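Here come two complexes built around chain A, the first alongside chain B, the second alongside chain C.
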Partner chain A sequence: MTKGRGPFGLVLRRCLGLATLPTLLATLLAWWLAPRSEGEPLAAAAAAEPWVALPLLCAAAICTLATAGFWPMFAQGRPGADMVRRLHPRRLQGGGRAIAAALVAQALLTTAVLLPLLPAIGAPAKANAQVTATADRDVLLPGDGSVGELAFTVPAGRTYRAVTIRPLAGAPADGLVPTRLHLHGDDGALSEHEIAVDDSLQVFQLRFAPRPLRHFRLVRNGGTVPLLFPPGSVTVQLDAAHPTWANALLLVLVLLLPSWLALGLGCLCGRAAALPTTATVVAALLFVATVGELGPAASALRRVLRGEWLLGESLFASLTGGGVLRTGLPLLLVGCAAMFVASRVQPWRRR
Partner chain B sequence: MQIYHRPRMASAISAQQLTVSFRGRGRRPDVTALHPLDLELERGRITGLLGPNGSGKTTLLRVLAGLLEPTGGSVAVLGELPTSTAMRQRVAFQPEGMLPMPVLTGREFLAFVGAAIALPNRVADERIAHWLRRLELDGAADRALGGYSTGMQKRLNLAAALLGEPELLLLDEPTSGLDPFGSELVMQVLRERAAAGATVLMASHQLLEVEEICDEVLVMHRGRLCARGTLAELLATGDRALVFRGLDDAAVDEVKAAVVARGGEVLRVERAREHLFALFRRLAQQGDDASPR
Partner chain C sequence: MASAVTLRRLRTGLGLACAAGALTLQPPSLAPLATLATWLARPALMPFAWRAFDEARHHGSIDEQFARAQQVMRLLPTWSEGYLVFAVGFLTARHDPAASADERTDDAWRRLQLALAWLEAARVDAGRREESLLQSLAMLPVAALASEPGLAERLRPHGGAAGMADRYLAQLEARFPAAALREQRTFQLPGVAAALLGNGQRQAALLVLQQAIERSHDVRDRLLAEEWRQRLQEVAAHLAGEPQDLTAVFADRRLEALHPFLR
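Up next, the complex of A and B:
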């Protein structure tokens, strides 16, 4: 038995050794500074998101960069590369196991961060799946009052508890008066709550007592701002709830995608480039794919903080929804392709 | 692509028309690092590989270690292709330069090597303890490699090479950067391994050490094997010399006159002196005795 002494064990220990303390400190900082939820979950989620992202990014950055810096095959011209190449003569020369170890280390740290932090900052205790509502006919609510309401249909046979809208706002013809909306069901008002929309991509949630639903209407109650509801901009929340810890574990998997992409391309880059180049590529990709919303990480974190179940329909949401699969699948595939190409390309060797 | 040929049974290394070329980048022409080379090395011997920088020594060692594919000819190491999996344990390669992963401790690094050559942990631990002790590194075993001196890294590198008890040791400059005691220790260990049946091929610029330890020497120049043989064969001039001591000046003059009278030539008369290593060891011993522990 030689467990724990190969690339996987060494890289795992290295990542955990380097990343644990900074991640812990970043978690404490997030716990201290993140605003607590005070009734309105969407606003609270938006406010807490950057703070919760901090320890997650910290763990991801340290694990990926530590791996690239530690395992000699991630760059050309590293000391002892000949020895490692000879001891690990397979195509990736231990790089695959090093990447797996980095991802496991990141997953362990991220899980350890999310499970206590989410309840501590007041994230919803349960996660509910979302279903996209389909507009019956019009998707535009003009600001001139010519159309007073829009009708939507949702799949039958389920129990719902809230409607979330994220419309695009147009320029008002007259003076700007926020458009006020009410939510009505088949048999009258679903919610007494009224919302006022005056800008694009504002997110509002209208809650109501859980009930089966087939159709609902968004009724305009004054205002001059025209509102457009493209597909995916109106969702309804199912009443069936899932534990937040399960949602957090799904989020952990989503958060591994940017690291997978960064390390896969870093592995390929290391076939010809020196360590500074590889480290820059890894860091830039990780940053863009995590914070820059190239991938699903940022939106998935937001959804978890809002109490949206990641395995719900939003997984496949398109356009404005930015579903996990739609944005995550390219990262996964590009990472796989990079690893495959790296395994086929012989390192460029100086004489 | 590597080509296999059936080697002679006694051969540790067998090469026929072995050629290595590197493709030139851009407009630079191709570089031939090894011109067609034929080589048979018997098992159980220590062979020195000499030559100036750029003569192809490291290239030859890297081909034999399976790290570089020859562009022509064929090569077999211990009767098999250098790249075969079994060669990882049967053949050890000690490359020149620093060790990988400087954050590991010496013990962790050896454990990593042991795992890579599929030694069970218990066996690896026993051998690690043995080689750390034998190469006088047990005091630094739990320090990070980054804090090791060049000499300590060399000795640890040798320990890593010996961990699998290989049948063939390919060593690139095993004593460069070592102090005389370290060099002596490495030489002793290599002699022991050769006595136990291992074959050693070592590239070196330390001519005195090669002269002291090697049964045979290969001399390379510009990618060609330009001389090969035992030291006695290579260094013999055909002349015989008379070496004596214990005579006073008058007696020395008489001997010189007799030599000239018989048609010989007196090249030089010099004072007998001790070997530099003996002086070094004596002074170091005095220093140890004088300084409190």
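Up next, the complex of A and C:
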């Protein structure tokens, strides 16, 4: 077969040809509609998420649906299927390379969208890594003062520079007096500043000189408001900033997961179903995995817009906590399983 | 045949001229179309907007929460109280513990300006709901000051929190006259006078007090009106240089804002 005329080259050209203009128009629309500060700054690039998601979703939808509609082996009874079967006698009959081409096309388009759009809507120029601190034992500071402090642990061997807390507040034990907290490390106070909490979900960041850390304590210094620290309410910022473009490239990889799932299951579906069914399956899966937030795509986009480094957590923490890997791995595995089954199943032929 | 064609052309020309005249006299507005689009899109978008706002409360910054709240309110513009709920939440959010007093004041001032601008923008096409928005606008400077006392200096050139609130209440009273509203403003005027005194505007403060004394005649509870008028007259006389016994004034918490200027 002529170079560039195989499944990969054909599908790549088809996807780019169909998706480039709509994605460009969606990008311009997003740039135009996204809320931007006028005069007084309102540093809330993450609130522009729906508009930034628009061109990304546009590129993903067109690339996946164009692939399902273009490559004949994604559905039964498509013109050219017999010829493709003769030219590609392998198990997936070019389906794997077609999917790879669709993903490459989507990656190229989303990269081209994100790199100029992120600075244009005011996303932070640097992405800061952060990890979630785990409570050693208690997570509740009662308002009566029976527990004086809570201890937390963070991964060792890294340098940290701030602790952010966002506790839940209960009803005060006796008259409303904000609970005052101090931050202590292994060897004394980490920050000289005191915080006073009197309501739920108030966010405080206590900064200190960059230093290695393994344990720290939140010491109660009076007040009557009971405070609860559920998992994820205490995070620690690492002393490491990464460029946003690198974070955007990581995001591009994460955004491929919904498409991979949709095309993998679409490929399996195409072994027995006609194009309308396959297209519906692909579109529905893509919608659920992106807009419906089944998977890490939406949360990863928010984190990039908030200036959070996507690989902040360790591999283990990311797999066991709520990180990108934890939510992305099932999509990856289901897509792989669907492709494997599709490669083992003979296309169903109507008699 | 020729006359029928001429007549048809004449009718077409007249129709076009009338359409052009109508468009000139009453230019079409996109606002109703936008309202209809919002109304149609609301059921599909609201769950996502609420979820995004809730997510921002748990993981986002206070600025992001406010921006998300604005997105919710864009879909629900008729929920007048929502403006107040989100704006007060934005104003009273805690500050960075490491920030200096000046930085805290700057931040509180910035938030107040943003919140006021948001509600002012909502007033434009609020119709009858403007009453509730004006009430909310009157509350914002007071809430901001309660949350960040350092804001008092910044508010002073604008008449203080009470003065700013009074301007909105005056608009409210003019546009939606009601006895309860008139009384509310009457009882808030000493706060305006205190702000003026703090700004060194003694004569203006006396004028405001005089206005409060006159308005007290409209208070429906006669006993309360009489007592209130008496206290105000004592304050006004004291400020005018006449010796007065201010024991009752200092015992009255409603006049607490004036106490520092009477000692």
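Keep this in mind: the second predicted complex is superposed on the first by the 240 of 351 C-alpha atoms of A that agree within 3 Å, B and C clash if a C-alpha of one lies under 4 Å from a C-alpha of the other, contacts with A are read in each partner's own complex, and residues count from 1 in each chain.
We adopt the following convention: a contact is a pair of C-beta atoms (placed from the backbone, for glycine too) under 8 Å apart; a residue touches a chain by one contact, two chains touch by 3 or more.
Note that the structure is a prediction, hence the values are computed from the model and not measured.
Student: Touching A:Glu194 in the superposition: chain B (first), chain C (second), both, neither?
Tutor: The second partner, chain C, only.
Student: Where does A:Ala47 make contact in the superposed view: on chain B (first), on chain C (second), on both, or on neither?
Tutor: Touch partner of A:Ala47: chain C, not chain B.
Student: Per the contact definition in the header, classify A:Arg5: touching chain B only (first), chain C only (second), both, or neither.
Tutor: After superposing on A, A:Arg5 lies in contact with chain B but is clear of chain C.
Student: When the two structures are overlaid on chain A, which partner does A:Arg78 contact: first (chain B), second (chain C), both, or neither?
Tutor: Once the two structures are laid over each other on A, A:Arg78 reaches chain B alone.
Student: Thinking of the overlay built on chain A, is A:Pro89 touched by chain B (first), by chain C (second), by both, or by neither?
Tutor: The answer is first: A:Pro89 touches chain B but not chain C.
Student: Looking at the overlay, does A:Val203 come into contact with chain B only (first), chain C only (second), both, or neither?
Tutor: second
Student: Taking the superposition on A as described, I'd like to know which of chain B and chain C A:Arg137 touches: first, second, both or neither.
Tutor: Touch status of A:Arg137: no partner.
Student: What does chain A use to touch chain B in their complex?
Tutor: 1-3, 5-6, 10, 14, 70-72, 78-89, 349, 351
Student: Quick one: which bits of chain C touch chain A in the complex? Just the residue numbers, please.
Tutor: So the residues of chain C in touch with chain A come to 48, 52, 55-64, 66-68, 70-71, 93-94, 96-98, 110, 113-114.
Student: Quick one: in the complex, what on chain A touches chain C?
Tutor: 35, 40, 42-44, 46-47, 49-50, 166, 191, 193-197, 201-207, 232, 291, 302, 306
Student: Can you tell me which positions in chain B touch chain A when the two form their complex?
Tutor: 22, 31, 33, 62, 65-68, 83, 85, 88, 93, 95, 97-104, 108, 111-121, 124, 160
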